[in-house]
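Heads up, the thing below is written out as structure tokens.
For reference, chains read A, B, C, D and E in written order, and residue numbers begin at 1 within each chain.
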């Protein structure tokens, strides 16, 4: 793999939410939604983040734009630490990082026409004059495969897939360098999902975009990502290139996850690793390795010692005591 | 949702009809009333409805119909002022509390709670006592009274909306917080505010009449329905017409606004689903 | 109301209480409605008579010195307080000292400016000396101004009223009722006839008339339009209130400082219309600040002094320089509808001479503050309730009188009043009062409109209603009809 | 073990809204054999839920079953009385839903809700109902069933709630279980647990299951036979083997093609152009025709017939009418791997 | 426990705000209590003396300080107008106002819930529509006009009732009931409309919930589904509204007591404002606010009893 330039680097990001403990205890419970996440994204690549619901994927994504203020950690975007910027400077930076949300209808202001919606980012970042902006909006509509007549219509007049195209067009409007896509296809039907995934890929090629692609669908992530990070209870348990990760998952959680995805092939007879029990609550995470309560291979050390994310093979990082023996 | 076409939005229909009727009456009253509204003719007092006086006369011998027509001016004026004050201040306060949240929200809401737990009519009496009676002061007092409830609605609207993805999306685009509040969220809260506004209108009419009933509302020579009722009260048994005419008018007007608000709600709910 | 067995005479009566008493302590109380009830409980050295005079009560007799400076009273023999203790001269002295502030406290009454000393030479004589001659002094000695209270009850005068009147106090619940009971040891052995009197709180006229109709109230004032409704079970007694209902001007303010303007307005206002609109026609027109209820002191020639006359009014206005009229504000209180109703009629009539009168209705408390105390108004409509002293009725028009709310000042009037104060002869005084009334009429500090009447509805089971020129419901004389 | 337990023929269910009649289900025909798991797949809005509700007799105003028959053990449910339907519901045919959290009443305990079912159908004593309820909870793999009886739904995780729902459906040992997207709201690892459980129950009790889903992977994993629905119609029916190895209907083919695979990375996903029409939107011809790459002129004109094959498979497509006789055996997969590059979307 | 402490803290804050509002308004309110009480005929000397005796010649903030100091000691102070303890005044009237409020609430509950359920069951039928117009009309009639009509009908036409003839419960139970029925009805009618709407919408909304379908799927009858599943759930939001309604009811007593001449809290409050009887007004307003806040607190607690999701949070 060619070493390419790093666009974004997250260092030890944390987000602790205050949640009112039962009976309003003096010290509110800390919900560790994201608990020390580090990764980097290179220019032009797609980093996928997968994990089950509540593991902190969205929180991570939103922290990158400081839509949620990180509790700790750094976000280096083209070498600048975004967490140090003032609100004002941050607003300017958002031109370079854009976001696409899971529910396209909810993320489009229902009272604005598509034209207004797409023009808004241009206006905010003072790009072009009125006619230039209109031209650009028309071009954007075409880019994402929508008719020009869409300009004056309202979001609720479109189908789910079309709405997601509008949302993508809005993200594209200011020619960002990075797009954080938070489950952009989860709400869509399979046939439409394929359309949007193809669109995203085409756009990436055309504009050299960098994606941070969040999803809980392992198939989708495999399809679109160059590298994949697997999250569990607010931490990255494994991160590697897509091929490595899917073909040779190291972490028991990743292994289980991949093995339990139903395959649309009745003759497929891979072995399934069935995990027992539920994901623990993020406000009362287990001690030691967060996964040890469900891990089929858990050892004594896993209950007490928190594993660190370490390279086990080239560019294949995993956070598991199986690969990095605990020093006594 | 699942409504059959026929019965759809009877509320809106009837409410609008009632209000249009009174609006027409009001407009006409600017140019024409059957009699001079304030002309006192004691010899004609307390007449029952007749061809000459469709709704009878009051104890000064003034024509009730003319006075009712004229008093719709007062009603709409008071209502409009109240709603404007309530909406502007209420939205501002509620919007700030809801969007900013935290301790500012806590303090504002406690204050609003206090205002709401305070018997409104007493506050109105007090405000009127300070500034005096009359149409303007009454409207101001009632406008202030409307602020808390509208602020609450605005606040909850802002709280609901600020967590929604489209607001986050606007933030992600880099929109300034003030613009988010007024250009993104406000238009989405406005349907709720519209409904609240029309309820406030009805509430203003109710409150004005209650104040007038206590002798502290709009004052002569501005004719107001509440004040007419107040005058007529003692003649209730002998000349029920005298009280019924303004009373029924007032009730119909308020009904109109209630139905309008419910109709609006139906339309808006409908559009959302 | 109590429903007794048929045939048995009713000995208990329920009377409407329009408003709560301000104080039960008569030295602190001022409201006429308070005394309407409490005059049944308390007495002064004197007590009022129906014709407007006074007669001895706690005192048995009185003697006035020639110079009018010394009054000597003999205590009535055997008179007792409601708690059974005999009334002593000490109690009398205590009462006056309390009023004048001699006993340490602040003075409670302006008697302190009249009375020099109160002496009790023996156990049955009281001698009061005045600072200066004051002819209406005797009429100041009823319970309204100087009730006789028991010394040993000093700390509880307001909560446990004890007097010498025909009824004794039983209980009082604010906004509910005031209950009195027959005082068996009353000095006039014939009185009272009834065993119990309940004043029942009923501020609302309509509710009151419904209660009268249903027999829940035995005695109540009813509004004129309800008279027919309650007639079947009740006798209607019409009473002049000795009140003066007027529209007063601020005589210091332009344009009302010009008597021609005031006279012009007096020519415009049609008193009959006002009486019709505000009192359903139940009122007697007045020409000056005195009601026919005051009998011989009343100057009846003044009633029609100003007949409605627009031409004359216009001429006067023109003379005063207001040929095109002007605009003014009539500030009235909201506590009773009659003020704003009268104002509406007057405002409408004033239009005819080009005067644009706005009506400003304010709360009673604000009216007292703005209009009465600060005199911050142009014109107002109010009624002054009567007293049995003609002097007091006129005194507020004297230049330096503290209650001269109209800022009226006229030297002729002042000197007439001064003369009257010194004059000991009653007929002479009456003639001076009549002259003073005439000055008021001519100078028109106010448009004197009417003395309105109260229609009393008394259950047909009772009789003996006595009319006084003051607010006094004399329950002692009420008796079962058969 | 065999024998048809439920037979639905030409079911038509419409909603009468202010915008006119919405034919949510316009032609559904299938058979459910005893002990089998029948999958129903299709995209959102194609009428899967309405079909199941029609069987349960739970279509609510303004919806109505307007045509067809539902034969349960020989009895036509469309004609059954309300009382009869109540007896069948929960007892003979039970149902579980997509969102287990909202399908449980938040204000009653798990125990109360479980026992209610028994109370309705078997006049069991409280004690025996309780015992049965606990047994049932244990059977669906819930630990500490005794305590669980006193819990409220919100105290349980999604996966546990779904187990409770299954226990509730199974408590009267129904012959047919309709599962409407029972795993869609769950995470993959939990989904795997639930699927395992359903397979076990199916085996142990020989319960026939109608399994509704839009996830082809799940179908392949659990079902014996599959119906593919599109726009209120069954467009194809077959065993999972024929369906996945040799799909006939262009829609089925497209659907299978457009799912990204975890096992291998496809360069480019196939995507069916256009979007799902709403029911009743297409008045004439095959509703899939506008999106179909092999559509013929007549596809826009005539509604294709439901072509049934001897082996029980069926397809609703004009392409197969001509070859009806030939294509009795498995067709070949891969019509599309060689088909021309799909149109670019922009 | 901590929850209760927090609530108590908020309650105190609200009460402090209320007392400050009252104080500030009184600060600028023109009028002098003694002058107002004694009227224009009063002797100026007497007024001055009384003002001094009552401590009214001190600045209002000092009076306010005394009052608050008293409150902390649990003493509501002394009425200026009635020269008696405010507490006695309030407790004297409380039974009337409370029973009025309670009766209204009972009427609201027992009328609106069945009506709401019926309307919801027949959603969009003509009956539903009529009921909706009818209840809205009930809301639209100003309470004093309603009172006037009821008095006209029952007082004059049918002579069933005479206003202002309130007898306490202790004296005559049926008499008290009779004299409170019309006023209670007057207060209740508009609130019925409010509550009815919520019940109706709640039943409709809950009726569409998944778990209702589950219940039907189990074979539960319509009645069982309604009584066991829908109603309980739909009454939870209604409960909050009942809290608000109760506040309205308490406020409603003010005007209605005026219309029916009932000697309750409301009448006392209005006269006390017009007589500038600051201690009584302050005491009453705080009292009413306290009651309302406490009611909301109780509603919250009841809420958590009815809704286990809240109980265990």
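Just so we're on the same page, contacts are C-beta pairs under 8 Å (C-beta built on N, C-alpha and C of every residue); 3 or more make two chains touch, one makes a residue touch a chain.
In this text the structure is predicted, and so the values were computed from the model without any measurement.
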>> Please report the smallest number of touch steps linking subunit A to subunit D.
In response: 1
>> Going by average Cα coordinates, which chain is farthest removed from subunit B?
In response: D
> Looking at C-alpha means, what's the farthest chain from subunit C?
Replying inline: D
> With respect to inter-chain C-beta contacts, which pair, B-E or A-B, contains the greater number?
Replying inline: B-E
>> On a C-alpha centroid basis, what's the spacing between subunit C and subunit D, in Å?
In response: 92
>> Need the CA-centroid distance for the pair subunit A / subunit B, whole Å please.
In response: 50
>> On a C-alpha centroid basis, what's the spacing between subunit A and subunit E, in Å?
In response: 53
> subunit D: which residues touch two or more other chains?
Replying inline: none
> Multi-chain contacts in subunit A: which residues touch at least two other chains?
Replying inline: none
> Where does subunit B touch two or more other chains at once, residue-wise?
Replying inline: 2-4, 125, 129, 214, 233, 236-237
>> So in the complex, the part of subunit E that touches subunit D is made up of which residues?
In response: 209-211, 213-221, 224, 228-229, 232-233, 236, 306-309, 312
> What does subunit B use to touch subunit E in their complex?
Replying inline: 2-4, 7, 10-11, 14, 110-111, 113-123, 125-127, 129-130, 202, 206, 209-210, 213-214, 226, 229, 233, 236-237, 240, 243, 247, 250-252, 254-255, 258-259, 262
>> Could you list, by residue number, the parts of subunit D that touch subunit E in their complex?
In response: 53, 56, 58, 86-91, 94-95, 97, 99, 102-108, 116-117, 120-121, 152, 154-155, 165, 168
> Residues of subunit A touching subunit B in their complex?
Replying inline: 62, 65, 67, 91-95, 98-99, 101-103, 106-111, 120-121, 124-125, 167, 170, 174
> What part of subunit E is in contact with subunit C in the complex they form?
Replying inline: 29-33, 35-46, 48-50, 52-53, 81-84, 89, 92-93, 151, 155-156, 159, 162-165, 258, 260-261, 263, 267-268, 271, 274-276
